[in-house]
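Presented below are the structures under discussion, each in the form of structure tokens.
Below, subunit A partners subunit B and then partners subunit C, in two separate complexes.
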Partner chain A sequence: MKAAKWVVALVVTLLSGGQVLAADAIRIGAIFSVTGPASFLGEPERNTLVMLQDKVNAAGGVNGQQVEVIVYDDESDVNKCVMAAKKLLDQDGVSVVIGPSISGNTLAISKFFSSAEVPLVSCAAAEKIVKPVDPWVFNTPQLDRHAVTKILQNAKAKGFSKLAILTVSDGYGQAGRAVLNELIPAGGFQLVADEVYGPKDTDMTAQLTKIKGASPDAIICWGTNPGPAVVARNRVQLGLTTPLYMSHGVASDKFIELAGDAAEGLILPAGRLVAVDLVPADHPQKPVLDAYVADYAKAYNAPVSSFGGYAHDAFALVLEAVRKGGSAKAADIRDNLEKIAGFAGVSGVYTYGPENHNGLDESAFIMVTIKNGTWNVTE
Partner chain B sequence: MDPSSLLQYLITGLTLGSTYGLTALGFTIIFNTTGVINFAQGEFVMLGGMMSVYFTRVLGLGEPVAVVLAVVGATVAGALVERLAIRPVRDCPTINLIIITIGVSILIRGLAMLAWGKDTHVLEPFSGDRPIMVLGAAVMPQALWVLAVSLLLLAGLKAFFSGTIHGKAMLACSHDPKAASLVGIGVQRMVLLSFMISALVGAVGGVILTPITMTSYDVGIMLGLKGFAACILGGLGNPFGAAAGGVILGVLESLGAGFVSSAYKDALAFVILLALLFVKPSGLFGLKDTKRV
Partner chain C sequence: MSYRKDMIWLGCFFVLLMLAPAALPNNYFLTILILGCLHSLNAVGLCLLVGHAGQISLGHAGFYGLAAYASAWLSATAGWPVEASMLAGVALTVAVSFLIGMPSLKLKGHYLAMATLGFGIILSILFTETVDITGGPSGFVGIPRLSFFGREVKKDLALYRVVAGVLCLAVWLAFNLLHSRIGRALRALHTSEKAAQAMGVDIARYKLFVFVLSAAFSAVAGVLYAHYLTFIAPSSFGFMFSVELIVMVVLGGMVSVPGAIVGAFFVTVLPEFLRAFENIEVVLFGAILILCMMFMPDGMAGGWNRLWARVRRAWAARGASGAAHG
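Right, the complex of A and B next:
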């Protein structure tokens, strides 16, 4: 029993980074899916936040105040997420909450924040989180709408008019499909085929054969690994030469590994974090990107992911609001978040406003082409 | 609808179906010996694929060596499953054993995730990825490998069960373990052997399928489910029925995606499966007196 107490004391000391926190530290709550099916989102997000907390405190904090981050793991479970949110709001008395990692969990807890009058900065991408605008709820990831807009701009520039879409039947694919179905006709394009595949499917030649029959100018595939890699391979196997666009969901080196030679010539929108080396030195995001990549590699000896970037930006935006407004009160943080303009994060340059709680537009993406097994900027 | 599209749907269905059929073959061996449906069969397939990826990528071994090691490794895993999970409870009713295999499948999946992570991996196709064009439809060389290996395994199993003393002994065990042991068959040894052979068949399938389906720690769920459906469709316990059931299921899915809707292709295939089982509950090639669970 005694040993157990010592272990607990030791863990607590380690978790607090060995720092004695000032009584008036800025308390920031966070809920991430560190374990469970969505741990690929939550783990880098948690790591990023802990790393940034130590970095800020070592540099003397914000406005002379130390920052205390309280992270809860919702285990990718909506009920645990609700409990964590209540605990942060009722017991821990935090002035702002970052997270959750998943859109469903964010939507389940967002209603608590207006009654508690505490701002929530979510790391989940669903458009419903910020549309219609809830005064107390913000998010940081790029929206599907931005990626689709970017793809359609590229398609328009190339003179394509007939488009086919192939989307995965999970949450990510269906959200993308809805936006594609809205923006393709709105952009003056003709949607000639709308095909779907299952997240675990291993062969999409049937769908591609059907698309081939509709003879589109280009195909847009919306999914996360490994499905799009199968689509890329099947396209080459069928001898299709129709240009293929992918979504930002596969913008990682893993996709090139899975698709192999079939990835050659594919075009997709990607956040700048994926291709840091391709960002010009005078771009406003460049110093932020370089610092994040270097810090993360030093702290965890692992490559960064765009998901960790969402937590990075949420934390940076909150601190910017505190710094600018000179106040760490919940209501002041909310007001000052809305005043942030032209703030460079790793996912893009944020400009929040009373009617814009996402802060990004399609310029958060660059169009990249895969050539010789690596990323190349197309514009 | 032009004829080359129709041909492409059929070929796609055949490729897809042979992956289901190959997984389904493994189910029949254990079922024929014990009457147990081994829901960890998909995990044997996964082990074959993941281990060959591990041996080639991480340990840097040549592909043939890696494949042999992976198949041997999965066979050992099959033996361990029988010794550690099935033998201690061998006197329980069949239904308990089936539920235990579900637990085993979750355990193997969890261990694989801890050992090799959650990423998806791919193996290079054995004879390149340049498609062979047949009347305007593309056939992948790897699909021919899958078909050929499925046929070989099928012939091998057929010969084993009807031509060898061990195979006949295994069949005897499934009909009546007590009577089998009375005539001098080592029932426990036969059960162990059946788990090893079905793990071996599964792992061979896993290796051949990985260039087409890719592999990850959880690939066994889908393959196991579709393979099981193929078994039911063809008639449980009949290796030929399992392979044929897989091909039929694959072709149904592919035609469903091509002619009806890709969003409902799985539903369509399973509706036809259900309808068929209403008419012929023992499966297409199942015997009337087949013991079913």
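Right, the complex of A and C next:
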């Protein structure tokens, strides 16, 4: 009989599990890759969102309403992501969803959001997410296009005309390669070499030797850690003095750590979050950046990452839309997101519009040079 | 069980399935029910193969996926009507399973498991790598929803009824098969292949037949899945799903069709309830499976039968003692 009681107790607990909800809260769903291969994106994003939720609620909420964030982990898996999206839409009845962390997952679920008429603010960077514009889908990270534009502006100022590119053969590298191939000729440059390396390669000497043969004025490398660090080391080993540009994909202290002395003199576009100390005090992003860095350090005793920044901005933009329209209804949030202009987040200053669901431009980046193992602004 | 008992069970099951949505608090549980039915469809086919013919397969996720991808491609890319692409998806899978089954069913025990395992992995790699056709690891987007004669099954509830109906039809087929000459031959084959052969059972033919039939069940589930979710990705059809299917059948007690269904629903629904425990979800899931196997070694069907027997015995004992006193 005792056992039976336990079983009943267990069943009751299971059935009621975690379904205690605040009566009149604004319900914001979130899907992040907190575990799995993309956890380096999802974990800071989840942490950021939880931290901001507490902060907003402690300050009395938005328009007098508390905010309730429901986070699901898609384990970096696209099917889990689809199920999480269905659950948020059908069961939790959220009025807006933030995430997912990965572009592939975002593209997989975006259709569900247009048919459910609930806005999705993605933290993934692929251009395909916002081009062509889906009325219900937004994103917050800087686009590859912005980074390439920034690099090419710098190259033009320095008088370079012949460029070589070296990209990694994964989703990130190939998306970058497509934009580079489009913008380099369009900017009046000559593309003299287009080399590719594999995501697991440990030596890029062969590609760099080929590039050397084409004698470019500068090289642009597009990849995420650890590949570009290997490229930087190989460049030094080969005695190449051709300037090397990196993508924003390696704009973190981790890269300097991996590349060591070989990182000296490399130039790359970076979000201001990477080099908060270098942002002038009168810049509109400065107070947001300082607050985010301080809060995150206090809550998690860990440094911030640009990825957490994407979630920060998504959350801030959603709340701004709620504030602006005085309504937390899905359709109103969507309409008011499109009206946001000149809103400073940690990744840049956002101006959304009916034809612009990314909201940023190349001014979201600053060009930085690595000197003495740390970041320096070059303009 | 006798044929009549089986049919009564099926009738009750059908009524239960049709009434279930009324008890659900929201639409998300309907998703779970639909997935439960699709998994059951897979499990019933596999139950015939594993439990009755005694052949193990670790490649059924491959058949499930092959049919889903074939139907998805035909309807979304080639522009076929949904009904036609579903039929073609099932037909293709049946043909492939026939070709795979012919050589590999000559293998026995672990070797057959290895062969089907290899086949499942090959298919899973195929889904991942042929990016131009399948969309690769990020999945196949934009599959049309299930429709009949140009009328789309828009509501999840209607789609659930279709899926539940198909499941009941499949169970009816399985029961009839098991109570026929073929069913008896299969049981003979499972007990002893040599003895069955000596009695004149054409074992190669029966094995192949059940293998293809179970693949067809998986294929039907696969095409329904694709046109229900309107999105598929290789990770649904990987090796782990094949193992999960075997778990459902084993949990159900191998030989029992109702057991396989209960197993399938159990494995599908349980993680939803465990989600409240967040980080230890997987551990709990494993622990529950171990407990099930410890206390119900002959599966849920067996466990239920023993429980029922015990209740009846207790009832009879009470009746007897009551009579003695009176």
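One rule holds for everything that comes next: the second predicted complex is superposed on the first by the 357 of 379 C-alpha atoms of A that agree within 3 Å, B and C clash if a C-alpha of one lies under 4 Å from a C-alpha of the other, contacts with A are read in each partner's own complex, and residues count from 1 in each chain.
Assume contacts are C-beta pairs under 8 Å (C-beta built on N, C-alpha and C of every residue); 3 or more make two chains touch, one makes a residue touch a chain.
Computed from a predicted structure; not experimentally measured.
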| item | value |
| --- | --- |
| Fit or clash between subunit C and subunit B when superposed on subunit A | fit |
| Contacts of A:82 with subunit B and subunit C, given as first, second, both or neither | second |
| Which superposed partner A:254 touches (first subunit B, second subunit C, both, neither) | first |
| Cα-centre angle that subunit B and subunit C span when viewed from subunit A, reported as a multiple of 10 degrees | 70 |
| First, second, both or neither for A:91, with subunit B first and subunit C second | second |
| Partner chain(s) touched by A:239 [first = subunit B, second = subunit C, both, neither] | first |
| Partner touching more residues of subunit A, whether subunit B or subunit C | B |
| First (subunit B), second (subunit C), both or neither touched by A:172 | neither |
| Partner chain(s) touched by A:375 [first = subunit B, second = subunit C, both, neither] | neither |
| Which of subunit B and subunit C A:189 touches, first, second, both or neither | neither |
| Closest Cα approach, subunit C to subunit B, once both complexes are overlaid on chain A (Å) | 11 |
| Interface residues, subunit A side, partner subunit B - complex | 40, 169, 195-198, 200, 202-203, 205-207, 209-210, 212-213, 225-226, 229-230, 233, 236-239, 254, 257-258, 260-262 |
| In the complex, subunit C residues that touch subunit A | 26-31, 137-139, 141-142, 229-231, 233, 235-236, 273-277 |
| Complex contacts: residues of subunit B adjacent to subunit A | 1-2, 5, 8-9, 11-13, 15-16, 19, 118-122, 124, 129, 131, 133, 138, 140, 212-214, 216, 219, 221-222, 253-255, 257-258, 261-263, 265-266 |
| Of subunit A, residues touching subunit C in the complex | 14-15, 17-18, 77-79, 82-83, 86-87, 90-91, 93, 103-105, 107-108, 111 |
